[in-house]
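Structures given as structure tokens follow.
In the two complexes that follow, subunit A is the common piece, with subunit B as its partner first and subunit C second.
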Partner chain A sequence: MSLFIERMVNGLADGSIYALLALALVVVFRSTGQLNFAQGEIGTFGAFVVSTLTLSGLPVWLSILLAMGVGFVVSAGVERVVVRPIEHRNPGAVIVALIGVFLAVNQLVSMIWGIDARPLPSIFPDEADSFVTVFGAPVRIARLGTIGVLIVVLVLLWLLFTKTKLGLAMRAVANNQDSSNLVGIRVGTVLLFGWGLAGAIGVLAAALLAPSAGLSGTLMLGPFLLASVAAVLGGLDSPIGAVVGGLLIGVTEAFIVGYVDFLGADMLFPVMLVILLAVLLLRPSGLFGSERVERV
Partner chain B sequence: MSSGSLLHVSGLSAGYGPIEVLHQIDFTVGEGEIVVILGANGAGKTTTMRALSGMIGRQGTVEYAGNDISGAKPDAILRAGISQVPQGRGTFTDLTVDDNLRAGGYTVKGSIDDDLERWYAQFPRLSERRDQKAGSLSGGEQQMLAVARAMMPKPKLLLCDEPSLGLAPLITQELFKVLGSLRDEHGMSLLIVEQNAGMSLAIADRAYVLETGNVVATGTGAELLADDTIKEAYLGVVN
Partner chain C sequence: MNVPLRFTKGSWQNWAGRLVLFGGVGLFMYRAVNEWSRSGLGLLVDAMIIAIAVTGLNLITGYTGQLSLGHAAFFAIGAFTSATLVTGKIWTPFLDDNIWTPGWTLLASAVVCFLVGMVVGIPALRLKGIYLALVTLVFTEAVRAIFKYDEFSGVTGGATGIKGFNYLPPSWTGLDGRADLVTWFFYLTLAILVVVSILSAGLIRSRIGRAMVAVRDNETAAAVMGVNLFTTKTLVFGLSGAIAGVAGSLYALKLTLVEADVPLFGLFGSVTLLVALVVGGAAQNWGPFVGAMFYVFVNDYARSVGEDPSSSLLLGWFVDSGTTINGLGGVTFGVMLILFARFVPFGAVGTMRMWRSKVVQVVPRPPIPAAAAPEAGAAAPTLEQGHNDPDATTQPAASFGNADSSSLGDDEDAS
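Moving on, here comes the complex of A and B:
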């Protein structure tokens, strides 16, 4: 039982990372209709910025906040410089351009910081004895902290979307850009903010993951794939779906690795894809995605 | 007329890419006046509306309340006092009725709660459905919502793009009553583009007839209603 709880919490903690990343993907997809392939790499870039800032003596939490700001600017820049000019002429080409950004950021990271993995300090107590006991199971404080961060981000996003004018504008733009223009919303600015927000969330996810996974240029490759699966599983236009999908995948991962010996970690991605296919066959728009019915 | 006019449009041309749809049309809307632009499909009605609200590129002069707004962007035009009810209503279908109206008041500084209640009082059906998604409303309710949303920024001139489209005759009648009351009770000026000649001309002070991007006739609503060619083309009456 104690092992079960430990695996459950670890799964939820990893799932929180996927959920954050999936949330970032959904924020962009809802407003722009694009899957941001560069999302994970912008996160990796931000995690290296955290590393540089902490090495220069800044506290970890402040480094993460500053790096999230960098992620905001980089991601908003991608929207303005790459996505928007191409989208007008050829929406289909945007996805190729974003794969290009993915490669470019990936290269940039290894040019600036090299290819050797480096440690990144955690914002949570992360000593050998930093455990608490949950229902008799030892659980690392950093794991619980990661889940806590997801909850805080969810509350903040909920407040943004439902209680602020900017959030209303973001929902309006996601629903109908033409009408948003007509009610005086500056659609371009709102899109820019949405991409920036997604970039900042991506950096946060990477900075939470790096202390346990090790900071390297390939930090976000696996998590990005799993987060994409989570986003599609939950429904690409549904923030709730992204969170449920992310947690579901984290827990599934922990249980497969922990309990299903013959599959183990190597078979993780194939198993995830089978689950994804099964869900999409039954519910093409994902678990929580809206089925768009266009009235003609 | 032009000295007292709120909106003065001259030589307005607009289109999409290389295709010009509107060819140098002139018209005016006076203070407290309902002006109808009558036209069949493809005459350039929606193009006129989108050009006026700054949604598409345009040439010519658009003067509003004495200011040249020919090159202004949509949000600047809205802030100047021109609001639009788009064709096909354009409600935010995934948002609640309440959020639709709040989005309508996006450019208003300060609290909009009083304005919200005023429009809920005017449209009790919307008030009953304020927490429902706009997409779940009937066509008529959505059109009322689109009108209320466009009124939230407190405009002086309301542009209505074919408001009767897809509505049952009884609902259309109710809608034109509402539009008439905006002039009579709120002192609004309205520019309505329509192909429903009967109901729109009945409330119009003046009207223009638009054919393939050119103004081909003009007169008071009553004059045009009595005109044989108009009757034949837009009311299906053959003499």
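Moving on, here comes the complex of A and C:
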């Protein structure tokens, strides 16, 4: 039982990372209708910024906040400089441009910080004995903290979307860009803010993941893939779906690795494919996604 | 619109244009095989193999509008099929040592990938756009994981893969065994590329091809007009996968080894094929070839910039010779992709066609004169106008079948 709880919490903690990344993907998808292939790499970039800042003596929490600011600027810059000038009617070109950003940022990281992995201090107490006992199971504080961060981010996002004028504008733009423009919303600024927000969340996810996974140029490749699966599973335009999908994927991963010996971590993607097909064939727009009605 | 030159389709000028195009490419290939270095020829063969795979992807993503990030899986399945057959890992009747000759493995890969592709096509009936792309992407990684899985290592070689299969050019070519293997392989790849391109172009002009374009432009409308969505999607996914499988098969024969960690067999491969397709021009006959050439050679150039920045145009002013900047090659290529997407959004071929259409226009043959068919006289003029409207063919195709794409400019003639 205690092993079960430990695996459950570990799965939820990993799931929180996927959920954060998936949230970032959803925010971008709602504003631009594209999967942001560069999302993970912007996160990695931010995590390296955190590492540089902490090495220069800043406290970890402040470094993460500053790096989130950097992520905000980089991601908003990608929207303004790379994505927006492309004619939006051509999704193929946008995908190629985002793959270009992915490649450029990925390689820029190894250009600036080299290819060796480096440690990153955790924002939570992360000593050998820093765990608490939950129902008789030892659970690391850092794991619980990650889940806590997800909850805080969720509450903040909920407040932003429902209680502020900017959030209202973001929802309007997600719903219908042309009409939003007509009622006087500055659509460009809102898109910029949405992408920036996603970038900041991505950096947060990377900074939470790096202490346990090790900071390297390939930090976010696997998590990005799983987060996109989570986002699709939950519905690409649904923040709730992203969180549910992320946690689901995290727990599934932990249980497969923990309990299904003959599959293990190597066979994660075949299992993900089965889950994805099982859900999407019943609900083609994901668990919480809204179905698009098309006129002919 | 006033255009300086206007030719009828099938006129001698039209054929002359095609001759110049094909002659130019033929001359390029001839010079390449006779004068290029071995490594350069190797890159060209890589480009042609990718071009074959992208031709397959073009059918389903370019013409049918189903965004697939799963073609690296077909590529890998084709490669592994070839590798297991060539090394005799599967019992085969009539063969004493179970070892297949390379030519037959290409066919076997095509059949296997066709069947797998048909199955992959079934989810495409329910899923659209990015949802389908993500499912096929996970399919790629799942296939890679299965090839790596220990339990199947008797057939797939598991994590170590299959290495060391050897073969020689067939004796009828008169080529000298091992020394001319590269030349033989170049001709083999070129021949398959030509055949696949012709078959693809023919398919697009057939009834199925029109059904594909109809599905891309508006699925519901196509279904209402009597297009069978199930048949069209599964069949085209199967054909598309089969072509990618043949390309993978060639790739395995070129490498003379397969393992699950070959970059082109995973996520990276799927992305490569999609980038090559978009860069060349989706839903264009020449798109896959141009895109693959761009991808391979520009990538190689970017890599050389990273290895020796002092020799490049811009950085030569700032960097001492002999320095290598880690990652600069990738950054260069990434920036090139961004610029390409910004300034050539319809792909190289689409943009070239747009420019060409400002100078030369190929209009369809006029219908049979009214005298020959007097009874159709009343209805003919309106039809004729519709057909001869030259502006309709000047717009390049908006790729990937969004509901809002009103693409008319599909590549109908080969030139």
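For the reader, a short list of remarks on this structure follows.
The rule is simple: the second predicted complex is superposed on the first by the 290 of 296 C-alpha atoms of A that agree within 3 Å, B and C clash if a C-alpha of one lies under 4 Å from a C-alpha of the other, contacts with A are read in each partner's own complex, and residues count from 1 in each chain.
Keep in mind that, in the parts below, a contact is a pair of C-beta atoms (placed from the backbone, for glycine too) under 8 Å apart; a residue touches a chain by one contact, two chains touch by 3 or more.
Everything quoted here is computed from the prediction, not taken from an experiment.
By the touch criterion defined above, A:284 lies against subunit C but remains apart from subunit B after alignment on the C-alpha atoms of chain A.
More residues of subunit A lie in contact with C than with the other chain of the pair subunit B and subunit C. Of the two partner chains, neither subunit B nor subunit C is touched by A:1. Once chain A of one complex is fitted onto chain A of the other, the partner contacts of A:152 are absent, as it touches neither subunit B nor subunit C. Residue contacts after overlaying the shared chain place A:128 against neither subunit B nor subunit C. Annotation: subunit A has no residue touching subunit B in one complex and subunit C in the other.
Put simply, subunit A touches subunit C in their complex at residues 29, 34-35, 82, 85-87, 89-97, 99-111, 114-115, 225, 228-229, 232, 236, 262, 266-270, 272-273, 276-277, 280-281, 284-286, 294, 296. Partner subunit B is touched in their complex by these residues of subunit A: 165, 168-169, 171-172, 174-176, 178-186, 290.
Of all the residues in subunit C, the ones that touch subunit A in their complex are 123, 126-128, 130-131, 133-135, 137-139, 141-142, 144-146, 148-149, 151, 218, 220-221, 224, 267, 271, 274-275, 277-279, 282, 325-331, 333-338, 340-342, 345-347, 398-400, 402-405. Those residues of subunit B that touch subunit A in the shared complex are 53, 55, 74-75, 78-79, 83-84, 86, 90-95, 99, 102-104, 106-107, 149-150, 152-153.
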